[in-house]
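Same chain, two partners: chain A is paired with chain B first, then with chain C.
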Partner chain A sequence: MVAIPSIVVIGLIWLPAISSVVLSFTRWNGIGNLSGSDFIGLTNYRNVAANYPPFWPAMTHNLIWLLVMFFIATPAGMFLAVLLDKEIRGSRFYQMALYMPVVLSLALIGFIWQLIFSQQNGLLNAVTGSNIDWFGDQRYNLWAALVATSWRQVGYIMLLYLAGLKAVDHSLREAAAIDGCSESKAFFRVIFPVMRPINIIILVVTFIESLRAFDLVWIINRGRNGLELIATLVTQNVVGEASRIGFGSALATVMLLISSGFIVIYLRVVMKGDR
Partner chain B sequence: MSTLALDTSRAVDPSPVVRKKRTTPARRLLHVFLIVVSATWLFPLLWALYNSFRNYSYTAIHGYASFGGFTVSNFTNAWKQGDFTRHFLNSAVITVPAVFLTLLLSSMVAFVVSRFSYKFNLALLGMFTAANLLPPQALLIPIYRMFRAIPVPLWVNDSGTLLNSLWGLVAINTAFQTGFCAFVLSNYMKTIPMELYEAADVDGASVFRQWWQLTLPLCRPPLAALATLEVTWIYNEFFWATVLLQSGDKFPITSSLNNLQGQFFTDFNLLSAGSIIVALPTLIVFFLLQKQFVSGLTMGSTKG
Partner chain C sequence: MSNQNSEPISSSVPSAFLSSFMSSPMSRRTLLKGTMGAAALAALAACGSGSPSTSTGGATAGSKASGTVTFGSNQSDAVPKAAYAAFVKAYEAKSGVTIATNTVDHNTFQENINNYLQGSPDDVFTWFAGYRMRFFAEQGLAGDISDVWKNVSGMSDGFKAASTGTDGKQYFIPFDTYPWAVFYRPSVFKAKGYTVPKTMDDFYTLSTQIKKDGMIPLAFADKDGWPAMGTFDQINLRLNGYDFHISLMAGKESWTDQKVKNVFDAWRKLLEVSQPDSLGRTWQEAAQTLQKNQAATYILGMFVGQQFTAGADQEDLDFFTFPEMDSTIGTDAIEAPIDGFMMSKKPKNEAGAKDFLTYLSTAAAQEVYVKSDPTVIAANSKADTSGYTALQKKAVDFIGNAKHISQFMDRDTRPDFASTVMIPAIQTFIGNPKDVDGLVNSIESQKKTIFAS
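So, the complex of A and B:
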């Protein structure tokens, strides 16, 4: 019973992942079988770092993406979850409004935000009278994309965190209140520490989603002109251009390396207490 | 817990009387704040909805920030121009089998992991869960090559390989989602008392029957939640469909957005109507199956 699922997952996920790593050390023209490839060591990586202009901008963009998610969108979602955890009238309505974007695909979100960010017909320019091409101009488009992606991220984090807050033992808050803790103090000193597992999960989700960010920028302009991300570079090197397999694999391996650290942290948290 | 976090008066007076009071200034401020945030959050979608009902010539003259010129023809036009019937069908052909297979495979893994205490259980579950978190782009090159090299009969796919085939997408989506579902289901299955299985053993039920007739019926709540969640996710899946399908007529609805953009570029009312049509299935899930969706999403982060 485990055999079939294992074959599917190993065959379609783990073997390809390993192949990406192996291919990154080779030169292969993509024609014929793998034995026709040469082992060239770290040459691909050296090329990626030194001779590939979009690489460092992409790394920077991913880092900015991560920082905005980490310092703005995720804390905003957590803050809203804390507010909505109180017994207030209309809490369900507020929750619904906030997480409605979570059911939409990021591709569609890119689409919808065009109605606001477009240079010609967008609402933003109509209201402010400016003439900025928000999704096209490379001074602004990363930030515009971040606004659109935060729209979804805030609701997503709010949902996860709210579920975590609901699971916190109620007597903890009462004890803190009886001891004369202010609410903010009770949150930072009592609630936040006991929610350590969910805090870590949210952290990992934020990191991994920032690394995987792809759909939104691909729909905007296929990840060019100020919107280069690691994920779009890998894709551009594979689809259509058969000669850059080793090179693309080196980029893919960079992604795998970064993500594996977070995956290990995630697994350690969620599997704690299991056999 | 009835006052705003910023309010310090609570610290001075923790009496329960204060808690009952509903309309303190702090509370009113909280409501104002939440209403503003909610309105901001709803706005982009409402804006799309609003403009999807207005005709192009009216907005061309008066601009989009105006009122009037209502029509429903954008929806029929967008549907026709975007070839939505075909793309919705493609989405269904990918999503339905993929969700079904994902739940089937993941429930088998979860069952074995929670029913037996093998030493490799944890490693096995870890392998499945981690697979779900890998960046898909990092697997693109080998998957692309592999799919191009795997021959399938022509009645399965006209190109003769898994590349550019809807079944290839079913496979890759299943592989990616199985990990998450296996993890969530195994947490749930661990709460099923072992005595039930012992009784089933005594009654002579095979392991397969125990899974099918005992465990699965007991797991209806998480299965329903995961099915809702996975339908949304796979319907929303963009990356694999974009790179593994080459002919535009095979695209499911989400990745067909890429082509629609060019067609609707000049007419934002069509773009709005198209967006609403594409959002509709997930919005229906959102309104009708909210509870399932939320519990599916949060089950992965809070155990059980």
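So, the complex of A and C:
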């Protein structure tokens, strides 16, 4: 029974991933068969690190992205979930409102934020009276993009966490209350540890989403001029006429290595828990 | 939401950019859609093979054309799409050949061109002249149509040269073209008593006056990454001449050459009179500042006119050539990208494809199209210009009198160099125009790795 899923996984995930790693050691313009590619060893990696100005900014931006998601957006989503779990009036409405950004199409999201951040006609500049070029100025555009992403991430995490909270046994809370726990203490000492599986999922979702962040900056300006991310650099090099397949694969491999690091950590934590 | 092509590859093709508010609504979803589109295209093309495509192999333009010819078009916007349909219909009625048109979103078409040409491409497809054409010809992905050119009339030698591959054979049929220049509104110039500047000194004198009058001397936008390439091209053509420009684009000159540094130095000076915050602005927004008389001039292709409403608004748009910077170089080199058609390497219906291409080279076919888009002109010199707008007529003279015509940076050089090196480099320069040495060193060292392959 495991054979068919394994074949699918190997064929659709491992083979492309491995061939991308192999390609990263070659120079190939994507035309003709692979035998037309030259093996050039680590040259692509050397060029990525030392001869490609957008690379290090992209690494930095991915890191900032991760930190903001981890320390701000995800905790905010969890906090909202805890609030909404209290069966306050209109809870359904709040859930829907907060989850809305996750459902909207990306084109629409890009448009919504354009309305807010546009320099000449944007809501933000109209209200504050400033004249900041939010999407064009390198000093601000990453933060503007992060606000827009957090807006989505909060709703996403909220829904995941809320589902987890609903599954927590009510008697646990009651027992904590009887023992005289304050509400925050009950959450951090009792509920949060019980939610461990969900916490790990949320942690992994946050990491993976931050590493492969792509769509929003691509909509804003195709990931250039202060919005470079590893995923946009891969796309710029591999897709389209550019066809620097080998070079782009080297970038993709760097991304693969970093995400594998997190996956290994995740697996270790999970296995340790099962023991 | 079609737009920007390019792309990652930028495209200097206007119709792709018609769409509005966002710079590049390109997501993984549209990417996927793109690949699906390509697959569908391939399937359609494969269907084409089943139809009565009789005379394959050894057919020449002279032999009788019949059957079905597949035609890959990237004109996905409504107006040009209808114009394409109109000349296709005219051709079908005239020849008895059936044309199966597969229209693909402009961006998607460009992004998938590699896969498209290696799969089962349509017999005839839209593409661009210059390096972008020669590249596919060299890779053996385009069909030799030198025999079609024997029947072509009304095309200048310049257009023939732009259709010729490195092996001396022709692979391309020019269809329409448009100039890059400095656009302005004659009504504003007249009201304020400005005169068209001949030299760069004149331009700076004029700029001081324009500033005093409370306008922006030169509109500027580079959010999409490619429009500023046009400014580089203009300065380089004026300072260093056509031959150096083309050879620099071909990777034969060093970017650390003092001549290139001079271009960036001159550009830094130009930035002082250019609209600030250009990296957050699309060319459409910059064109609107010209349209609303907030800016006095704008360096762009003639497609700037798409942001003007037809009629009086569009008639109040004129252009002058980029001012002279060195009297020994002059202003006889201009930039005018050519769009047109190519034949795939193994067309299902070669005789039909060649017959259709011959038709596309004629004034009759091109007239139908340029009527729909008053920001381009027909490539064929025999085309009837009586229906042209004043701007189109001026463009005909402007291109006709030019001694040298370049295409555009992303058409004159390797696409990978243009998109992955030059777009970030130019945006870095606009953000920090002071560090020219660091910039050209970085471009040169990246160029060496790219042009090595």
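One rule holds for everything that comes next: the second predicted complex is superposed on the first by the 237 of 275 C-alpha atoms of A that agree within 3 Å, B and C clash if a C-alpha of one lies under 4 Å from a C-alpha of the other, contacts with A are read in each partner's own complex, and residues count from 1 in each chain.
Please note the rule applied: a residue touches a chain if its C-beta (ideal position, glycine included) is under 8 Å from a C-beta of that chain, and two chains touch if they have at least 3 such contacts.
Predicted model, so just to flag it, every value in this text is computed and none were measured.
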Report task. Tell me which partner A:138 touches in the superposition: chain B (first), chain C (second), both or neither. Result -> second
Query raised in the report: Of the partners chain B and chain C, which touch A:54 in the superposed model: first, second, both, neither?
Result: second
Query raised in the report: If you stack the two complexes on chain A, which partner ends up touching A:27: first (chain B), second (chain C), both, or neither?
Result: second
Query raised in the report: For A:9, is the partner it touches chain B (first), chain C (second), both, or none of the two (neither)?
Result: first
Query raised in the report: Taking the superposition as given, does A:235 touch the first partner, chain B, the second, chain C, both, or neither?
Result: both
Query raised in the report: Is A:93 in contact with chain B, with chain C, with both, or with neither (first, second, both, neither)?
Result: first
Requested in this report: Considering only the touch criterion stated at the top, classify A:252 as touching first (chain B), second (chain C), both, or neither.
Outcome: first
Query raised in the report: In this superposed model, does chain C or chain B come into contact with more residues of chain A?
Result: B
Query raised in the report: If you lay the two complexes on top of each other, which residues of chain A touch chain B in one and chain C in the other?
Result: 30, 106-107, 110-111, 114, 214-215, 218-219, 235, 239
Report task. Report the residues of chain A in contact with chain B in the complex, numbered from low to high. Result -> 1-2, 4-6, 8-17, 19-20, 23, 30, 80, 82-90, 93-94, 96-108, 110-116, 118, 121, 123, 126-127, 151, 154-156, 159-160, 163-164, 167, 173, 177-178, 180-185, 187, 198, 201-202, 205, 208, 211-212, 214-215, 218-219, 230-231, 234-235, 238-239, 245, 248-249, 252-253, 255-256, 259, 262-263, 266-267, 270-271, 274-275
Query raised in the report: Touching chain A in the complex: which residues of chain C?
Result: 1, 4, 6-9, 21-29, 31, 110-111, 113-114, 118, 132, 139, 141, 223-225, 277-281, 285, 415-416, 419-420, 423-425, 427-428, 431, 442, 445-446, 449-450, 453
Query raised in the report: Which bits of chain A are touching chain C when the two form their complex?
Result: 27, 29-32, 38, 43, 47, 51-54, 106-107, 110-111, 114, 119-120, 133-138, 141, 214-215, 218-222, 224-225, 235-237, 239-244, 247
Report summary line: Listed in rising order, the residues of chain B that touch chain A in the complex are 1-8, 10-11, 14, 22, 27, 30-31, 33-35, 37-39, 41-42, 44-45, 47-48, 51, 59, 63-65, 105-106, 108-109, 111-112, 117, 121-122, 124-131, 133-146, 171-172, 174-176, 178-179, 182-183, 207-208, 211, 232, 235-239, 242-243, 254-255, 257-258, 261, 268, 271-272, 274-275, 278-279, 282-283, 285-286, 290, 293-294, 297-298, 300-303
